[in-house]
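Letters A, B, C, D, E and F mark the chains in the order given here, with residues in each chain numbered from 1 onward.
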Amino acid sequence: MATGEPASGRFALPELDALPGDLKERIEAVRAKTGFVPNVFRVLARRPDEFRAFFAYYDALMLREGGLSKAEKEMIVVVTSAANQCPYCVVAHGALLRLFSKDPLLGDQLAVNHRQVDLGARRRAMLDAALKLATTPQTFGERDVQSLLAQGFTREDVWDIGAITALFALSNRLAHLSDMRPNREFFALGRGAAPSV
Amino acid sequence: MATGEPASGRFALPELDALPGDLKERIEAVRAKTGFVPNVFRVLARRPDEFRAFFAYYDALMLREGGLSKAEKEMIVVVTSAANQCPYCVVAHGALLRLFSKDPLLGDQLAVNHRQVDLGARRRAMLDAALKLATTPQTFGERDVQSLLAQGFTREDVWDIGAITALFALSNRLAHLSDMRPNREFFALGRGAAPSV
Amino acid sequence: MATGEPASGRFALPELDALPGDLKERIEAVRAKTGFVPNVFRVLARRPDEFRAFFAYYDALMLREGGLSKAEKEMIVVVTSAANQCPYCVVAHGALLRLFSKDPLLGDQLAVNHRQVDLGARRRAMLDAALKLATTPQTFGERDVQSLLAQGFTREDVWDIGAITALFALSNRLAHLSDMRPNREFFALGRGAAPSV
Amino acid sequence: MATGEPASGRFALPELDALPGDLKERIEAVRAKTGFVPNVFRVLARRPDEFRAFFAYYDALMLREGGLSKAEKEMIVVVTSAANQCPYCVVAHGALLRLFSKDPLLGDQLAVNHRQVDLGARRRAMLDAALKLATTPQTFGERDVQSLLAQGFTREDVWDIGAITALFALSNRLAHLSDMRPNREFFALGRGAAPSV
Amino acid sequence: MATGEPASGRFALPELDALPGDLKERIEAVRAKTGFVPNVFRVLARRPDEFRAFFAYYDALMLREGGLSKAEKEMIVVVTSAANQCPYCVVAHGALLRLFSKDPLLGDQLAVNHRQVDLGARRRAMLDAALKLATTPQTFGERDVQSLLAQGFTREDVWDIGAITALFALSNRLAHLSDMRPNREFFALGRGAAPSV
Amino acid sequence: MATGEPASGRFALPELDALPGDLKERIEAVRAKTGFVPNVFRVLARRPDEFRAFFAYYDALMLREGGLSKAEKEMIVVVTSAANQCPYCVVAHGALLRLFSKDPLLGDQLAVNHRQVDLGARRRAMLDAALKLATTPQTFGERDVQSLLAQGFTREDVWDIGAITALFALSNRLAHLSDMRPNREFFALGRGAAPSV
């Protein structure tokens, strides 16, 4: 890593060269595409079976074709991860949201307070439901599902919204467990040309 | 199901016969062992890729040999799921805890208040840390890790404690999303002979 | 006690033989009926005047003929005591609820999350109101009373719901104060024949 | 009542003349002593058995000779009732505290924030423990008991502190249930000569 | 000060004689009017520029002619300061509320629980909105503004309600920072003739 | 404004030309320096007296020479405003923090979770105390002051930390009241050259 800061403040991490072939392959593919190795890959690689399960789950939800756009999925990740105050997920997925939405401000806005972003009723309902499931899951109920259906979401969309929220409930906790730090590269990604100051 | 109650109050579930072969196989293996199909298998089967990822993650953590006993892992599941008021996980894993610990009372005691169960300092520290990561992950930090190490847990044990907590943060939310109900069979499992009343 | 565990983890308890006659009489009547002495009697007996007042209050509310069934009264006790994480009250009154309702699962279900139990609108309203008075009494107001009246409860029923909640607000705190432990016998009471495992 | 405001905003109250003899007697004794009938007597009188049990409990704790002074008992009532935002108990017992402590300011100070009143370590510990048992009873534990013992309180004093807190957990909820209002007379009681303005 | 208690429990305060002329002038004007120097003047005087800015803000809002009466403004101060458990602001502005409203009970009633005071819908809406902005500002939104407009408040009134709440969010925190104590004189101010006891 | 988005989502704002001379002057000075008019100036300008008081307070604290650096003051603003989920203050002062600290990442890191930023014990203590005063002012006490003094802060520094926190408790609430939106320019300010993506 160019940053000089370790990926985890808390656990020793394996050398990439020493990893099983399938992990190495996935990691090199990411590096080829983005130019660096996101720290979540380095941290989870210390437990190859959990690495495989995590990214299989991630792919199943985040790459799945369905009613939610890639940007909408990242909105859910940013808003629920901000509620859990998870630095890695807010910064890394804030960057992805900038890239997918072509909006350089949306990630920062949603990370502070999704209620004060002009999103339209559909996306507001999506984020309200996700935030409720993330923070007070015991109160999530039929009324919340009906609110989503009333905005035109299908039952499969409802599952996607809830399951992405659930996956990042896991992911946020892994990041807090390992004191996972966002790579420096994520902070500026997708911001476009910065005005000179 | 003999119970007449659906596994999910909210989503249509696939017929078991129509599932991919590997899902059918896993489900039949469970039925052969326990005598019934736990509802989590029925509900997750509606998304085969997510089913595979979830149970791969589950096996990687819950079947892993390491410093935590099977009963200790179930203690973590019961206590954190109780904090999230998740009926499926509290009842199903309360049953597993009775079986693994040979203690017919422990599941019910932990589900109400782990602070009032005589567990010894090691297990109390384990459950305190898990509960903190489950409910206020943003406050989990180095001090919590040090508390675990001071009780003799290794760094790998700390990872296990945190990762099991994280997996059930996901699992609890899937259960609330789908209104997943515990099978009737779980309630009595492992209670031993009930005193005649 | 057959259990070997003390009734209170915190206060020395009197010998039953040394108690005033009216306390001894009440305690022996309970033992004759249920086969053991519930720990609440042992713990409260250390202060005979408070014992008398507590059980006079208990009888006035729990034995009173009115619009609430015996099972409904126990539902209130279980749900509000679970919110206060009171082991004695959840376990002992969970057992009574199994006996009164003839439903071996209802106590465990309500102790985890009453919102996910199919109770009908009347009982759901009863438990919502009780839980609000138990946990955030300062927000209980006319709107809550009207919600109960709208479900067909009378003003006297409203008083019963609120007063039972209030009595167990006291009872839960006495149990936490004294680290009161549920007798082993309560855990299995009213579960019916357990399936062989 | 001279005030023209009903004792309860929510329940019809019996005529004092129609009450059972023992209730009438107690009420007349209070009126003879203080010059008015505190509303708690009017409200609870609608259920004579509960009235008797409540005041038996009250007398057992509040009139009991022991390690706590009358003023200290009222401090517990004021602080825990303020946390529950109970108008009747804060105002009525704030008045009693002024009378017992001969300090015209103490009730108002404690009702706002007991942490900012110069009470000494013993009383601060007493109120900290009472407030914890009142508001988060599930976290009250051995450490809290030890804090009290370390300040010189006996085990019986600990019971008194906890039991008074528990009784007013009940009392506050009865007051919220019935929308019980403090008599006007309580507001000025024990303030001494007001400075001319 | 006649009271013998320092204005701040935490910071050394300047001699009044040593203050800049404009501060001395303002303080003497207050003393001439009320007969004593309220402690907020003594505490803030240790930083003259902040003193000037604070009282300029205070005058701009509290002396402004508009849709809110002087008593209504003080109601906002008392209710939001009580939520922040700020002794100085609750006691000092409770006194001002008694003077402006000519109601000797209103301050004490609002300090305990504004929901149980018969205020009418307009004032209830005003205090509900102020309390929300004071305690959970991130959830204050258009719906809250609309609730106020629906009660006949103008947009300028909404600004006043919100800005007074905001100013006392600052003021309460300065008081907690400095452990500011209410002058004894405030407790009795405006209570009228106390009944003889 | 170039952005096309109004400075306030809720209140009509005055034309800059129509403002009193001193406000116009201050606003033009800011525009000359930063190249745009930050929305807080536009929104507060609708009440010139409050504008003057607010910025007098702001200057008194934020421009004051003392023990806190400009960057440390902005850290307090970012962390407490993030806790209040205030978009304007987090984004605008996050930008100022990038400029003053020359660290393009610090603002985003602190806005998510100050506990996971490597700040050293002194700044960690400063932000812990500020956050406590911001979110639970009623629990701020002598122990918090002592923690700051133990890190080498002077009493005047403690005042600065607390008073800046208090001023932004006000500022955050004005921003929520008016639905104040950060200017687009703030998001990119001080990020340095963005890596090409």
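Going forward, a contact is a pair of C-beta atoms (placed from the backbone, for glycine too) under 8 Å apart; a residue touches a chain by one contact, two chains touch by 3 or more.
Treat the numbers as computed from the prediction; the structure is a model and nothing was measured.
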item: Co-neighbours of chain F and chain C - touch as defined; value: A, B, D, E
item: Inter-copy rotation, chain A to chain D, in degrees (Cα atoms; steps of 5); value: 180
item: Chain whose mean Cα position lies farthest from chain C; value: F
item: Intercentroid distance (Cα basis), chain F paired with chain D, Å; value: 45
item: Gap in Å, rounded to a whole number, between the CA centres of chain B and chain A; value: 25
item: Centre distance in Å when chain D and chain E are each reduced to the mean of their C-alpha atoms; value: 28
item: Where chain B touches two or more other chains at once, by residue number; value: 9, 85-86, 113, 116, 138, 141, 179
item: Chain contact topology (line, ring, star, complete or other); value: other
item: Interchain pairs in contact, sorted by label; value: A-B, A-C, A-E, A-F, B-C, B-D, B-F, C-D, C-E, D-E, D-F, E-F
item: Contacting residues of chain E [partner chain C, same complex]; value: 113, 115-116
item: Chain C-facing residues of chain B, complex; value: 9, 82, 85-87, 90-91, 99, 104-105, 108-109, 111-113, 116, 179, 181, 184-185, 187-195, 197
item: List of chain A residues in touch with chain B within their complex; value: 9-12, 46-47, 49-50, 52-54, 56-57, 59-61, 64, 84-86, 133-134, 137-138, 140-142, 145, 155, 158-159, 162-163, 165-167, 169-174, 176-179
item: Chain B partner contacts - residues on chain D that touch it in the complex; value: 138-139, 141
